[in-house]
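Both of the next two complexes hold chain A, though its partner changes from chain B to chain C.
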Partner chain A sequence: MTQPVIDIKDVSIGFDGKSGETLHVLRNVDMSVSEGESLGIVGESGSGKSTLALAAMGYLKRGLRLLDGSVSFRGEDMFSRSGPELEKIRGGELALIPQNSGQSLTPTLRIGAQIIEALRLHSSVPPAEYSTKAIELLSQVRLPEPEAILSRFPHELSGGQQQRVAIAMALAGEPHTLLLDEPTTGLDVTTQAHILELLRDIARERSMAMVYVSHDLGAIARVCDRVMVMYAGEVVLDGTTRQVLKAPVHPYARGLLASIPRLADRQLPVALDGRPPAPGGVGVGCSFADRCALSEDRCRAERPELTTLPTGEQVRCYFADRALELSLRGSGVEPAVVRADGEAALSLNTLSISYQQPGLLDRVFGRDAAIVATVDDIQISVARGETLGLVGESGSGKSTILKSVAGLLPPVGGTITVAGGTPLAPMVERRSADHLRRVQLIFQNPDDSLNPRHTVAEILSQPLKLYFGLSGEALERRSAEILDRVRLGAHYLDRLPSQLSGGEKQRVAIARAFAADPDLVLCDEVTSALDVSVQAAVLDLLNELKETQGTTYVFVSHDLAVVKALSDRVAVLYQGRLCEIGPSEQVYSAPSHPYSEVLLGAVLEPDPDVAPVLAADDVVESSPPAAGCPFQRRCPRKIGAICDTDMPPWQETNNGHAIRCHHTIATLTQLQEEDARA
Partner chain B sequence: MTLTTADRKYTMFSPVLTVLRDVLARPSGAIGLTLVTAHLVLALISPLIVPYDFKATNSSMMLTGPDMAHWLGTDHMGRDVFTRVLLGGREALLVTGIATPIAVTWGGFMGIFFGLAGGRIDEVMMRIVDAFLSLPWILKMLVLIVTFGTGVEVLIPTLAFFYGIPVIRIARAATHDVIARDFVSAARARGHGRMTIIWRELLPNVLDTLMVEGAMRWSWMLLAFSSLSFLGFGVSPPTPDWGLMIADARGFMSFAPWGVLGPVVALSSLIIGINLTADALAKALGIDRAQKAPV
Partner chain C sequence: MLRMLLRRMALGAITVAIVSIIIFSGVELLPGDACTAFLEREAKGKLLENCREAQGLNRGPFERYFDWAASAIRGDFGVSANGQKSIAELVGNRLKNSLLLASSSLALGVPLAILLGVITGLWRDRPIDLTLSTIAIFAMTIPEFVSATVLILLFSVWLGWLPGIVLTPAHAPAVEFFPEIILPVIVLTMVMTAHILRMVRSSVIEVMAGDYVQMATLKGVPYWRIVFRHALPNALLPAINVVALTVAWLLGGVVVIEVVFNYPGLGRMIIDSISDRDLPVVQAIALIVATVYVGVNLSADLLTMFANPRLRTLYMRQK
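Presenting the complex of A and B:
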């Protein structure tokens, strides 16, 4: 084995708590990466993975202190170097690619100027060759028309393109080592898959060392040779990607894997109970003991050391041999289907929504018609007790449709009808009290959807007072009942949102929606802001509520596996137009609409043996085409001019599964079978 | 159910106590709050502890320097400066103490309302606010005082009106930050009325900003009140007032500086105290973003 490029030995990092005690963020962490090796660091939020990656650069966030240990890069200590020395290394030999590069690019400078700055500071390229080198870098990150991109501003690029520019800038200094902090989080699935392939190829070509920080095991499986699992600031498992993802020997790693919904399963994932300890909250024993199925007295009394197994992986557990008995599969709980025939709980009739309003000049000259609606021609009906999943990339209009059903965004055409056949008023202010109560919306991020100044009691009292006029004893009793139903106790009533964990906050948000005793619950990416183990618990809760309350859900998510875990039927949207709709089993299997095929192909499974199937093109479009099939510009199975001019017809396969494509079902089946064979 | 009244009380008062503790833990907060408290206490009890009668003139003791009998010397009419400095803040604190809450309340409500209403109302009203802000404050105030007279009954509404206008801007900006958040959409989607949304969703989140803004406005208002007195439009003699005292004594500043020094130190210590407290309060409430916790 070669000399490690980054060598972190026994590092502990902490900060001073309010009462002066030292709270640990990292505890005795060892990490080494050799040339050409790619190391993944996984863990849930708060596990210290980002702190560790930044410490490898000799950088600590404000307030953090290096308590113990050493960090060396290419044999030299990082924390004893001077500022100018560090500046030379960072961005040069050691480059960082941050999570949201849209925010790390300067908005007022053209892309060319920013890449040239990186070249000037960190490379030996002579000034005369800066622009040729910049174009070369941009083509290496597979950006189309690199010359044109040089003169663009960051906001003119899509998220994926911005991330590619950030990678190009990192490569400008000919780095030996790349640090990547969640580089694909927040990107669409297709874009993410393409970026990961790019990173893999670049690292291989240049035999760079890579440290890849992510909560996403699917991404780690694609790019890493070795994986370190972090929990509560310590390494609990370190092994090859195959060892860690196929047969992990630490109970936490197994729990984490089991909590990820899989495309292949029609079972709900298993939730990990409890929550990780806060900094300083770890006792004398194993940090995972409280949530572990295998824990015994010894685990709570004495902290296990990181031990090397005969198979090569390092694990911090006394019962590594027994951990293999813990299941990695789903919970065995199938999503509840309470479908009752009869009238629809929700129907959308030729719904169209537009964010653009005709301006004064347009109205004067009668140009209203020129505007292409953001969401158009949506025809969906959801049976009572059914869960409809809406999937699509960002900009597909899935959240827009929910907002419109909730009355926050009036449609420009079509109607929204709930059970009983009465159409809903377009704006929420015009709706009857009964309609308001029956339709409830749950938002993506509970940090944003719960008023930080209200206690849980006040949050729950709002729908209860408004819809049922409850007060006093009755109000308190009902609030406690509802909290109980989302598996939180009555003692949560007096807490403020800031005193709850992410999963608990989302439960309160769910409780608030169910306090109205709704018929229809609209779920807008409700698990996207949560850690996977918490996500599993929330999915389980939603499933249970559906079973007991007979609620109808419209479930929006960009994560196809999450949608599959919960939905009876799935609708695929592209650019605000429906492409495919049908029972989820059938939508997730061939034949599919070419767009569904691209989406499903790009899904990353936490399994190093399953490679995504990538379409040739991952350019994100910002607006729908004025005529023809919405997917015409990216379609891998495009026929020709007809796709550009005519809206494709709906074709039904069987059982209410319909695809909107110019190809016949038979052709699609044949094409997809051929590809599967190849 | 194990809810007791004691639990409820704890959550209601603990945020206030936490913020207070946080303010006092910062040097600026501790110094500022001590200064402000000292001024308030002195303003309350000064009539009981002053050594002399504030209007007792003494023609044989004009402009004498500080000594054991007169700690801050005497003024041009032989009155004890220390006595007058002790009493000189009462009027200012009373007027501004009433005018500040009025200014913050009306400005805050208008700001939240315009922020929520948006559209044309907001656009028109904000241009009017801009027009008011572009005029020098002293000009606006003198026009009203000259028209309606100088008494407390004119000064309080005048100060409250003009100092409420910048509060509108601040409250509107804070409202815009809050309005974009999902809990406001959630309240709308549930079907709550506009007043409920202002009162329950927006106000609690804008209150922090308003409190800090209120403290800043208070110190500005004190300065304005003293300036008006200095110009002869505030408190009428012989009532002692810092602004008036500075105006009276400035002619003798070269040979009897104590006459100016006393009220100047008193006025500036109060204003500095308020500003330091506002600063610490902003940091304790997390409005000052640079001071957030590291993790």
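Presenting the complex of A and C:
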């Protein structure tokens, strides 16, 4: 094997705790990458994976200290280099593609200026050719109209475009080594799949070394040759991608894999109980012992060393041989299924919604601003006890519909009715207490939706006081009951949100919604901010509540597998228009709307043997076309002029499954079967 | 773009109009009027009526408001109740003096505050930051009249370097206020520098800890280039509005300083005219100060908009 490009040996990094003790973020980590190799680093939040990647650049976030070990790049120690030496390497030979490029691009500088800055600092390109080179880089990452993008500001680009700019900027310095810190987190499935293909191609073409940090095993499976699994600041498993993802020999890695919902599974994913230790919270033994099904006394008494197995993997576990017995798939919990034949708990009747509201002066002068509907002509009804999943890319209007049902954004046309056919007032201020109680909303990020200064008891008491007038002992008893229902004990009542883990916070948010005894619960990306193992627990909880309480959910997520795990019926949205609706098994299998096909094709499975199916030239759009099918410009199965001029009709199969397309069901089935065979 | 500009200006004008109604009604609600003030104790019977007739005070309030507002737009605030002098001229002189005081303090204070704010922000928690931040907190918390008195004691009574009080008459040309203006400028600079410094400091700290500064570091951009090109243009945006508020405060809110130094500015004139019950002058100054607030804030918003690409796009779209 060649000399490693990045060689990290026995690195420990930590910070000073409040009482002066040193808390470890990384403990004795070894990592090396060679030319042409791509290494994945996987772990949940707090596992230290990003700290490790940044340490490879000789960079530590404020407050962190290198306690022990060495980081060398091309044979020289990064932490003993001078400032100018580091400046030369960073962005040059060693480039970073950051998480969340939207915030990593300087908002006051044009894209061109930022790319040219990288060229000037690190490339041999003569100044006269900076612009030409920048345009070349932008077209290399497949950005449309690169000349125009040069003069744009970061906020004028979409998330996917910003990410591509970040990649172009990293490539400007002609790097040999790329560090990628969650480069596709927060992007749409289609965009993510395209960016990963792009990165694979570039890495292969230039025979670069890559370190790919992610919590997303699907992305890792796509780009990496080797995977390192991190837990609580240490490496617990290191092996080839196939070894780690197909037959992991560490209990944590198995648990992590089992907690990922998959398209092919009918069962709910398995949650990992407990939570990872906080920095400094690891005892003398194995850091995973408390959550491990195989742990014995020895695990708690003595920390296992990283040992190399005959098959080549390195694992930090005494029972690696027995780990293979642990299940990788399915919890055995079947999702509760409800058929859409009961009374409608929610009907959206030709609903259209717009973010453009007439301004104050327009209203004063009675001017009618031309309003473009963000969401148009939505006709959906949800039966009592049923879960409707809404899927689509960002900008598809799925969250907009939830906002409108919740009364936060008045529709410009159509009505929203709840059980019994009672229409809901458009704005939440006008709704009766009873209507407010019946519709509850759970938000994506519990950090934002729970008041950090209210205890759990105060958070839960608000709906209980408001809707049921409870007080004193009755209030306390009811709060404890509800907490119990979301599997948190009554001892959580006097805690503040900051004292809870991410999953616990989301459970409190769910408890608050259920405290109102709602008919309809709107879930807006409720698991997107959570780690996969926690996500599985939340999905399980929502499923249990559905079974026991008969609650109706409208479940919005960009993650198709998550939606499938919970939904009875699924509606696919594109640019605020409905494309396909039906029972979830039918929507997730052929025949599909061409857009559903594109979406499903782009889903990444945590399996190195499954490749995504991508539409060739797939560019995300920002607004729907003026006439015809909303998907006309991206459709891989476009017929011709009819798609540009006429809104397609609904083609129905059975069980209420309908596809809005000019192709007939028979043609779609035939086309998709042909492709599946090919 | 132009439409947005016109709309903001129209809204500003509406604000000033509403303020003018409030000022007018406020003065209207007070017992007595210009004539009772002017005639003092003799104010009764025929004399008072004659006076009111001459001043047009016996007309209805609406008629008088529109008359007053219409003249004010032309820059004519009538005559003062006391000396029968043109208010425009009286207030004009004071306004000129206030502008002189404000612009000198701004010219000194704003660059100083930004410089020190950036220094304290970049060297956060180091000795230089701790020293400057402590001084700033003192400058903010010590009341202006205390620091003014101490400075007078030090520089004019003990050292005798600078005049401690302004004796130049209000109508004198600007140059004649030197060196008398130096001490008031120093006191004002201290207070405003402290405020702006604190704000710039926290803004610099926030931006320097941000993702794009980290990205620039990891892109290999040299430190000072990061500071000047990536960080400061973003960190200084919020300072624009604080500076605007300071400008407005300097033009109408520095009463205490003006009294301590006997400086003939707008602030002192308000106090004088209130105690003299010179209501037309009070009205005129209140209106001018309100207009200044509206105008300065409007300019600050526009400036922020031009300097912030995000807002610029937002407003461009609105047309």
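The criterion applied here is as follows: the second predicted complex is superposed on the first by the 660 of 678 C-alpha atoms of A that agree within 3 Å, B and C clash if a C-alpha of one lies under 4 Å from a C-alpha of the other, contacts with A are read in each partner's own complex, and residues count from 1 in each chain.
Note that in this section a residue touches a chain if its C-beta (ideal position, glycine included) is under 8 Å from a C-beta of that chain, and two chains touch if they have at least 3 such contacts.
Note that the structure is a prediction, hence the values are computed from the model and not measured.
Overlay on chain A: chain B and chain C clash in the combined arrangement. Looking at the shared chain after the overlay, A:491 reaches chain B, while chain C stays out of its contact range. Of the two partner chains placed by superposition, only chain B is touched by A:463; chain C is not. When the two structures are aligned on the shared chain, A:452 is found in touch with chain B, with no touch to chain C.
Looking at the shared chain after the overlay, A:118 reaches chain C, while chain B stays out of its contact range. Applying the stated contact rule after C-alpha superposition, one finds that A:428 touches chain B and leaves chain C untouched. Of the two partner chains placed by the overlay, chain B and chain C both lie in contact with A:62.
When both complexes are overlaid on chain A, the residue A:103 reaches chain C alone and has no touch with chain B. When the two complexes are laid over each other on chain A, chain A has residues 61-62 in contact with both chain B and chain C. In the complex of the two chains, the chain C residues touching chain A come out as 7, 10, 209-212, 214-223, 229-230, 233-234, 307-310, 313. Touching chain A in their complex are the following residues of chain B: 1-3, 7-8, 10-11, 181-183, 185-192, 200-201, 204-205, 293-295. Those residues of chain A whose C-beta lies close enough to touch chain B in the complex are 15, 25, 61-64, 279, 406-408, 428-429, 431, 433, 436, 440-441, 443-445, 448-455, 462-463, 466, 476-477, 480, 490-491, 493-496, 512, 516.
Taken in their complex, chain A has these residues touching chain C: 54, 57, 59, 61-62, 83-84, 86-92, 95-96, 98, 100, 103-109, 117-118, 121-122, 153, 155-156, 169, 173, 361.
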